[in-house]
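For clarity, chains are labelled A, B, C and D in written order, and residue numbers in each chain start from 1.
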Amino acid sequence: MGNSVTAVDATALKAEFPLLATPRPDGRTLHYLDSAATSQKPQAVLDAMDAYYCETNANVHRGVYEMAAEATDRFEAGRTAAARLVNHPREGLVLAKNATEAINLVAWAWGTRTLREGDEILVTGMEHHSDIVPWQIVATITGAKVVFAPITPGGELDMDALQGLITERTRLVGVVHASNVLGTINPVAEIVTMAHAVGALALVDATQSVPHMPVDATAIDADFLVFTGHKLCGPTGIGCLAGRPSVLEAIEPFLGGGEMINDVTTEGSTWAEIPLKFEAGTPPIAEAVGLAAAIEFLEGIGLDRIRAHERELCVQMLAALDEVPGLTVLGPRDPDRRGAAFSWVMDDLHPHDIAQFLDSKNICVRAGHHCAKPLMRVLGTQATTRASGYLYTTEEDVLALRDALIECRSWFGVG
Amino acid sequence: MGGLDDLYQQLILDHYRNRRGRGRIDHASASVHEHNPVCGDECYLDILVLDDRLVEVRSDGDGCSISQAAASMLTEVAEGKRLEEALETVEHFRLMMHGEVEPDEDVLGDAIALEGVAKYPVRVKCALLSWLALRDAIAGYRETTAHGG
Amino acid sequence: MGNSVTAVDATALKAEFPLLATPRPDGRTLHYLDSAATSQKPQAVLDAMDAYYCETNANVHRGVYEMAAEATDRFEAGRTAAARLVNHPREGLVLAKNATEAINLVAWAWGTRTLREGDEILVTGMEHHSDIVPWQIVATITGAKVVFAPITPGGELDMDALQGLITERTRLVGVVHASNVLGTINPVAEIVTMAHAVGALALVDATQSVPHMPVDATAIDADFLVFTGHKLCGPTGIGCLAGRPSVLEAIEPFLGGGEMINDVTTEGSTWAEIPLKFEAGTPPIAEAVGLAAAIEFLEGIGLDRIRAHERELCVQMLAALDEVPGLTVLGPRDPDRRGAAFSWVMDDLHPHDIAQFLDSKNICVRAGHHCAKPLMRVLGTQATTRASGYLYTTEEDVLALRDALIECRSWFGVG
Amino acid sequence: MGGLDDLYQQLILDHYRNRRGRGRIDHASASVHEHNPVCGDECYLDILVLDDRLVEVRSDGDGCSISQAAASMLTEVAEGKRLEEALETVEHFRLMMHGEVEPDEDVLGDAIALEGVAKYPVRVKCALLSWLALRDAIAGYRETTAHGG
């Protein structure tokens, strides 16, 4: 795949991102290789939010005056864009504050009211804490159990073992689409089918896939698919839950307050239609406007072209990291089976020291457990160093990383 | 104030001030009580059906000029129509409110004056309140008679 | 009170708010009288957020590289500012997505795990849905009961009745500091003392007070005090829970995910210290930066001066509304007992029609139930029209409202 | 790269490469196991107390150069100190890490070389890990002996 689509021109794209286009205070170029933590923002996104605040800032949904109607339109355009991005029906697109809240919504609203002792939630051994801890919390409350599906030494899901763990006790299967540590892309549609075969629900954490490749929620057919704004060129403060409308309709609400009601009396309340039923209080309005701008920006480039670019980046990155003595890359090596997040361990050097050294070269990478401590234990390490790319990452960034890593070894005297 | 005059056409203000078909029906074939979640306005709608035809339509409840005028126009337009025809009229009105149809005066009668409401999303709910109540009332009527016989 | 402090110069202040400083597309002046729904934003707030995104955008808390440390500093400065604004210890200041989430945090994290059949949550008859519905939801789950304290015909709390309803069954008392409908300022410190006397917790919804007057959370001594960023010149997407640290420490977490953990294993997890224990996932980073800028802006002016200005506004507004035939203002008339939100009913005119007419004069007011349907029932109406002011509201705005209201009557032919 | 040299002073790299006081104590008076939530690094710390004095301090576990050097320096500085004195030293070190004290080499020994870490908030946790473990170990020791007798 990939080669029929022209990759993006990452160097040219940098110009659209003010943080990347401007030299650092010390005059040098920044090599931002931490997009799996959060992406940089194009000027168009900042402009859209500023325009919202300067032209039509008002609270949404109930204002009679024109400015409030215009604010509502711009806000709802964020929902429309998010639904379009993942090919999902609009009424199933709930706006949350981040991907983590979106998963917690499912865990609390559905889980606490439904799970019983003996029930199992199956998650994979490469989940982010956001798809582990909510289930542990709800399991503690309800008596259900969280089960972890093993991963192979190559950093992929063990599909046979996974199949074996999906039983009639399984009530929900949670799986990450693209691992934020290993880069691994998981066969989520297949896993959703396995979950549905036993009558379990399926949740796909698409936080690391939606920004980087075409993702079709309708084709994946999960009951819940989550992603987050700040990793796809959008602002902080907004995340998305793409839920199957019939399932969302059946679940009682989560957060209560303004917007999500139909009627409130001292005796009790009734709920608004989905998706508003799950959106209590003043929503992230400017953030939805920024999200729409980010999605238009990505669509203008083409998610398939971004994916093609990152496929090339995989080849460059693996070749570059292979040149560094004592370095072991984790996760799949096949660029068709992985995204642009690369974790490694290095003989005799701790990730903190590596990241600190790289920072002195204006290279931003992440060191630590990447919110995936269970996975770290499987990998037999406490921490890794991770470099992660995006549509604006260039071969120059990759080569700067390689050179700095080689220099790092001699600087710390580990040859 | 072209916008305002456009929204509040004379015909609307007239129906608002002299509301037609206001009230309840004692032995209604079906009754519906709806409210507008935006402002809390309430709408009661009663229908009397004979031979698959709306022989009487009455509506009650307080509300803004748009919702009152819409209810007033509804009773005029709907009375005498066969149920299927009435439902088609409601659907035509609904599509007009969402700007998805070229409105037809022959179908809508005075209610065509509400076309300008479509530009005001919050007010669309006001205009639709009684009309969707009619849809629900017909559905409710059909359900009871289906079950009853 | 009030007269010793010089009120702000609202006309001059408008210049700092781009939306207010710029004429509308039709060239006319905007009279924004909907600040209780959301406030306008000064340029300084937009600049701070843009600067964050352009200079040091990175995910917070764990990044080794300098830009991530700088991002963390700017983010945490938002917390510091929020804590300072209400005179609360920093570690008790939890950042949520809005005030509604902050209340839900308490309801879900504390309520679902603690409440039992026979327990009562007491809220007042003038609460916003945000301080009603979360308790109704949690009551349904736990079997507890939500009790409503009555209000007087003058739109104030009936303190004797309230005292009578606080019993040994009461587990939490929720009270709004300033009503978003009536403007009423409630004696929250006194009510907190009454709650504590029976061993109940107290929650103060300070959403409508914190933006408008000096609020001292330490003096009020509630266990929880909430407010929201977008109503105090800050961005959407951020709200605050000022919780008593010892209480927050005792409560199990709410949302699970990244940031809020100490350790995660497949067997279970342990939690971070407060306040991070309650902040799962990527927080509203740019929003916290904007919040800090908003708070600095307000502090630069002086909350006491803002309060003095709004006190003057109360006098002007009540006088102006009194001139309109057929209009009845709801809530207290004493400017020392009310804030700058004014609701009214008008003979023969529906709030929607009033608001629509005012919009044609570029006057933005709100019409509806204001997310306080139980209060509407007590007031014997479905809806009111509400005009609400802030530090940038001028007498000119008030007079424009008066004139338009008078004209409105004749336009609709109700004399 | 002044910043980097400042952070990683020669003395630090030396302690990192030749770590002092590494290991465990068989019949320790108190043992503590801490970890750094940021990176997951683990730290074991054992103390042997005699007559209110730290006669032996050993630390084990993997980690970055800062955490390893800090542990190494700690064992050197702490050994031989009376418990109260050791706690004061830890407190002085903690304050230095938060930039709240003028560091005193007489108190801190080699650990004064870690002063530059204070500028790197994430790394402060690395440096403090073993030092706070000592504080906890002493507290634990005191609790057992208080309860024991």
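By definition in this document, a residue touches a chain if its C-beta (ideal position, glycine included) is under 8 Å from a C-beta of that chain, and two chains touch if they have at least 3 such contacts.
From a predicted model like this one, the values you see are computed outputs, not experimental measurements.
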From subunit C, the most remote chain by mean C-alpha position: D
Length of the line joining the C-alpha centres of subunit B and subunit D, rounded to whole Å: 78
Rounded Å distance between subunit C and subunit D, as computed from the means of their C-alpha atoms: 46
Distance between chain centroids, defined by C-alpha means - subunit A, subunit C (Å): 31
Where subunit A touches two or more other chains at once, by residue number: 62-64, 68, 261, 263, 352, 356, 367-368, 373
Residues within subunit B bordering two or more other chains: 38, 120, 122-123
Chain pairs that touch, as defined at the top of this document: A-B, A-C, A-D, B-C, C-D
Parts of subunit A lying in touch with subunit D, wherever the complex brings them together: 350-353, 356-357, 360, 367-369, 373, 376, 382-383, 412-413
Touching residues on subunit A, where the partner in the complex is subunit C: 18-19, 22, 30, 34, 37-38, 40-41, 46, 49-50, 53-59, 62-68, 97-101, 103-104, 107-108, 112-113, 128-130, 132-137, 140-141, 146, 148, 228, 230, 235-239, 252-261, 263-266, 268-269, 280-287, 352, 355-356, 358-359, 363-368, 371, 373-374, 377
Residues of subunit A that touch subunit B when the two form their complex: 62-64, 68-69, 72-73, 261-263, 272
Subunit A contact footprint on subunit B (complex, rising order): 35, 37-38, 120-123
Complex contact set, residues of subunit B against subunit C: 1, 3-4, 7, 13, 17, 38-42, 62-67, 120, 122-123, 126
